[in-house]
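Naming follows writing order (A, B, C and D), and every chain is counted from residue 1.
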Amino acid sequence: MHDDIKFAAILSFMGQTRDRFQVWGPPYTLQEKVQRAAQVENLAAVEVVYPQEFADVKITKKLLDDAELLCSTVNVNIKGDPMFHMGGLTHPDAAVRAQAVAYLKEGMDISVEMGCNMVTCCPLGDGHDYSFQMDYIQAWGWFIEGIREAAKHRDDVQLSLEYKANETRSRIIMGSATAALHVCDQVGLENVGVTIDIGHALYAPETPSLSIAQLHHAGRLFLFHINDNYRNWDWDLVPGSVNWWDWIETMLYIEKVGYDGWVVSDVMPGRLDAIQVLNAVGRSITRAKNLLSKVDHNDLWAAIRSNDAMAAYDLFYKELGLD
Amino acid sequence: MHDDIKFAAILSFMGQTRDRFQVWGPPYTLQEKVQRAAQVENLAAVEVVYPQEFADVKITKKLLDDAELLCSTVNVNIKGDPMFHMGGLTHPDAAVRAQAVAYLKEGMDISVEMGCNMVTCCPLGDGHDYSFQMDYIQAWGWFIEGIREAAKHRDDVQLSLEYKANETRSRIIMGSATAALHVCDQVGLENVGVTIDIGHALYAPETPSLSIAQLHHAGRLFLFHINDNYRNWDWDLVPGSVNWWDWIETMLYIEKVGYDGWVVSDVMPGRLDAIQVLNAVGRSITRAKNLLSKVDHNDLWAAIRSNDAMAAYDLFYKELGLD
Amino acid sequence: MHDDIKFAAILSFMGQTRDRFQVWGPPYTLQEKVQRAAQVENLAAVEVVYPQEFADVKITKKLLDDAELLCSTVNVNIKGDPMFHMGGLTHPDAAVRAQAVAYLKEGMDISVEMGCNMVTCCPLGDGHDYSFQMDYIQAWGWFIEGIREAAKHRDDVQLSLEYKANETRSRIIMGSATAALHVCDQVGLENVGVTIDIGHALYAPETPSLSIAQLHHAGRLFLFHINDNYRNWDWDLVPGSVNWWDWIETMLYIEKVGYDGWVVSDVMPGRLDAIQVLNAVGRSITRAKNLLSKVDHNDLWAAIRSNDAMAAYDLFYKELGLD
Amino acid sequence: MHDDIKFAAILSFMGQTRDRFQVWGPPYTLQEKVQRAAQVENLAAVEVVYPQEFADVKITKKLLDDAELLCSTVNVNIKGDPMFHMGGLTHPDAAVRAQAVAYLKEGMDISVEMGCNMVTCCPLGDGHDYSFQMDYIQAWGWFIEGIREAAKHRDDVQLSLEYKANETRSRIIMGSATAALHVCDQVGLENVGVTIDIGHALYAPETPSLSIAQLHHAGRLFLFHINDNYRNWDWDLVPGSVNWWDWIETMLYIEKVGYDGWVVSDVMPGRLDAIQVLNAVGRSITRAKNLLSKVDHNDLWAAIRSNDAMAAYDLFYKELGLD
């Protein structure tokens, strides 16, 4: 794997996964999940979910240390607990909202213990399924206030917001890259930024590279989750397996904007073997990097800046040996 | 029509329309379009396109005066002219970008002459069709700069940005309500705001009422375009003809946030009779308002704020006489 | 509830449900699920899943009898068992394919015991997630053969095929109403027909009433599942809660084609109270029927047949008291 | 270009094109369109629209002969004429329906004169925009009858049905590959088959290769239109420019099923240079074929048939030199 890539993966996808109709794999323990992650080639870190995977922070840290894995990020889960089923930061009950904020703060503290100083949070429960099910004005205010209060907790930790259009709610209130950016604008604190998940971008529907450009322009590109899908749902497939050109372009912009953080796999192996799938994710990164390293970037950007997509594709194809 | 509704329509839809494969109706003159608009019941104003419908501002104004129609807004078209085919505010040629800004400024001046002091602009050409066809970093910077420069031209005119996910480009760079809000945040001027088109919201994909809440929260809700679609494309159908509950909810929030501007039909009659369709748009507004006036709003908001959508629907159904 | 409506519900939705990230409710026993179903107003039957809810057919039958519920249909599950994770009728291993067919036959036999003589099957596992993951030619042949073999098992039971575009596979090979119809055409047996699920139709993307018309035209409309969504995913919401006019039109066509089978709720209560949600489903049926009973059907069909949608809407609005 | 590829293009895209908001290029004459087509590398034929491009069949034939271009297909347009704005084969007026059938018959006769003996027809007007705008039962019957009547006109001409989910109507009644197949099943004539347009398949939403397999299985794959899009609309982009892997898979299946007909570009150049874009289409075909010729097909099909997509991708990547 290229030296400038810091490859990580969401730890929970090394365990049992499920959807509405099926359960895949046995109920792996935390230790087993870590050991499985350790078998993935070139994987240097894992993103760990709070509170589910931090019953005891010291134990989690020890497991990672023993496996020679870093903690890339603490992923704060404010939707899974039944308390949060009707929302976390936007729940009508102030006590629940306070709990969601508390989770964020606790996750921030733990991220310092884990040495990464970054939490990411995808507020999947903060939305609605039906019309007339949420006072959007109230909810939007609460959401921004909650993020602000959590971010103020300590400025040595980055709080990275992961947007998503829907799932598990039919509509999530922070649904796009610019929704997250506007939250940052409203919160007005330097340690709040955005996690871009390629798949979430694709079905936002966004052009992932454009979203990266927008986040970079505002100085808010904090974290990068990778996967792929069919632009209709968060299928969490291997990056580049569907939208190959978007994947190449995305990696081009990741380089261009000088992103030097973790490249975190958010691929769900589902019915396939998790370790094999994660290895395929790693290969997909390497392949994109290899292609980008072959083309002349002066020629490439000249084509792009003159809106000549056909010329740009030709530059890539020349290196693929298909002409 | 209810007293608090100021009903307007986009003038160009009273003329000949077309899509990729068909042309509907004869090539109506400007005068004929105005006269047809004047036949729509309760229509008080029209949104007029610059430059196409302002070959001579005085003539356009005279035609409207004669028809006793106001000008609700000047719609600045920075995509139709062949010069803009590869972009307006984001065109790689600085001269074209300057021309797009000039159009906005000229539209602003004309809006003062027309007595509305508001322009709206949907930058449909500022996007891309292929990967590698646009330097998004450069383009996004140019876009924000262009809007800022235009807005600074005069602070007595509101510059309202109409977002859209795609069409005519496969992707437009200002694709969502929050993209437009973030542009406002970046520009930092009070006279820049957002036009929400229900149809554009629906297939963004947004919950229109949530977008209204977000725009209102930021003080940027400038203009309201109405229509409907199947959440996959900007079909520009009669509001409420597909997404009835969204339409009711949207009108509820329009009231709630105290919007007192124009309610502009952005419905494309296409193969139907334009005047009959516009009358149907008017009836749809009235019907939504009538329903909202029947329900007890204390009960309604109590249901909404306790996340009890089923109770809210029941309140409406009780008034519809269907139980 | 109207006399001509036979209201049923999928039993499993009265139990614990889950999605990728959450689990809702406790793990209700079969008995508890039946008892909960029995509390739903006007519910006359349940659709029961084979094999999961038929560990002992006699016990299941007894539970239903005791609760005075009929069995509307046996829903044969050929995707949930780990054996079927890479496909049921299209699995590359002939033994697995044989097992899927065996399940269908066993379900058919049980449906006779349960007195409904109908199975429905939605082959959610028969599809693919990635390109190059399935030999479509082979798979399509196997699928048709499997259905034929099962249907031949006995001609006194109706085998009803429920199509779906995706979930749990990114693509399911029988993805539309006409895909199911073409399977029927290929199989060539009278006892094979189609289950239309409104939600599956909406995001196929189909016009549900058109699909009903197509199924009716071919004499293959066997079963009717009801719910609603945002045309992007199978959200399984209360029918009419999003696409109100589609719901009214659907019930109009259900009447028109003389469908006299079960109207089966396929609504997932998720985070809400299942019994309350199911009662709302029942009310939604009643409300649609009430509206349809108010309009003059001669006028309505005259409007429809002259392509005058606006006139048709007006007929409905007149009855809603909103003009 | 590979010997087994017969490259054609829709002639009208060599002329002026437009969408709802723009017009691209001057109004090229028929002669100019043919001459432009003749400049496209490796292009051997054009698909010509009846009646618009056949004002005089002899002249059209002469123009093609002079340019050394064959006529691949006659594309019968039963939506563009104002008469067809509310439908062609499903129009409520029997005289209009008869005219649509007459067009098909005339197109068939002309196709014999042109030496291709094949017409293709995409009935874009046969659908609806609103609920209650079409009697689907009546319409579906008329549609099938109309196709049958046209097909019976002469059995030496293939009548190929091109399905599409929407555009220009919000919903078209023959919206998917299997909808077209079911029409074939109902019509029951050997000379009726299906045109698959990759883009229409992608946003149906189908897996194009699966649709090809289904059409092949039924012996109904008549014609192949190529392009690409973002799975949300018929953007008519260069094939492989978005969905690269689908494009490779599609060409794999085209080979596999032994398709030996025309490969017709249905790419809309829009704001780009038509000849350059068509040349890019040609290169895209060659590149896909080149890649397919490099991999070991025994290995490839072994991977596919064992559902091992990762292994299949690896086979391709090995040839791309990116590992």
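As a convention for this text, a contact is a pair of C-beta atoms (placed from the backbone, for glycine too) under 8 Å apart; a residue touches a chain by one contact, two chains touch by 3 or more.
Everything numeric in this text was worked out from a predicted model, so none of it was measured.
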> Is the number of contacting C-beta pairs greater for A-D or for C-D?
Replying inline: C-D
> Greatest Cα-centroid separation from chain A: which chain?
Replying inline: D
> From the C-alpha centre of chain A to that of chain C, how far is it in Å?
Replying inline: 35
>> Just the number, please: Cα centre separation of chain A and chain D in whole Å.
In response: 39
>> Need the CA-centroid distance for the pair chain C / chain D, whole Å please.
In response: 33
>> Two-or-more-chain contact residues of chain B, please, as numbers and ranges.
In response: 86, 129-131, 166, 171, 205, 230, 232, 238, 241-242, 245-246, 309-310, 313
> Along chain D, where are the residues that touch chain A in the complex?
Replying inline: 205, 230-232, 238, 241-246, 272, 276-277, 280, 283, 286-287, 290-291, 309-310, 313-314, 317, 319-323
>> Give the list of chain B residues in touch with chain A in this complex.
In response: 86-87, 92, 128-141, 144, 165-166, 171, 173, 175-176, 178-179, 181-182, 185-186, 204-207, 209-210, 212-214, 216-218, 245-246, 248-249, 253, 256-257, 300-301, 303-310, 312-313
>> Using the touch definition from the top, list the residues of chain A that touch chain C in their complex.
In response: 17-22, 24, 79-80, 82, 85-86, 124, 129-131, 166-168, 170-171, 229-230, 232-233, 235, 237-238, 241-242, 268, 270-271
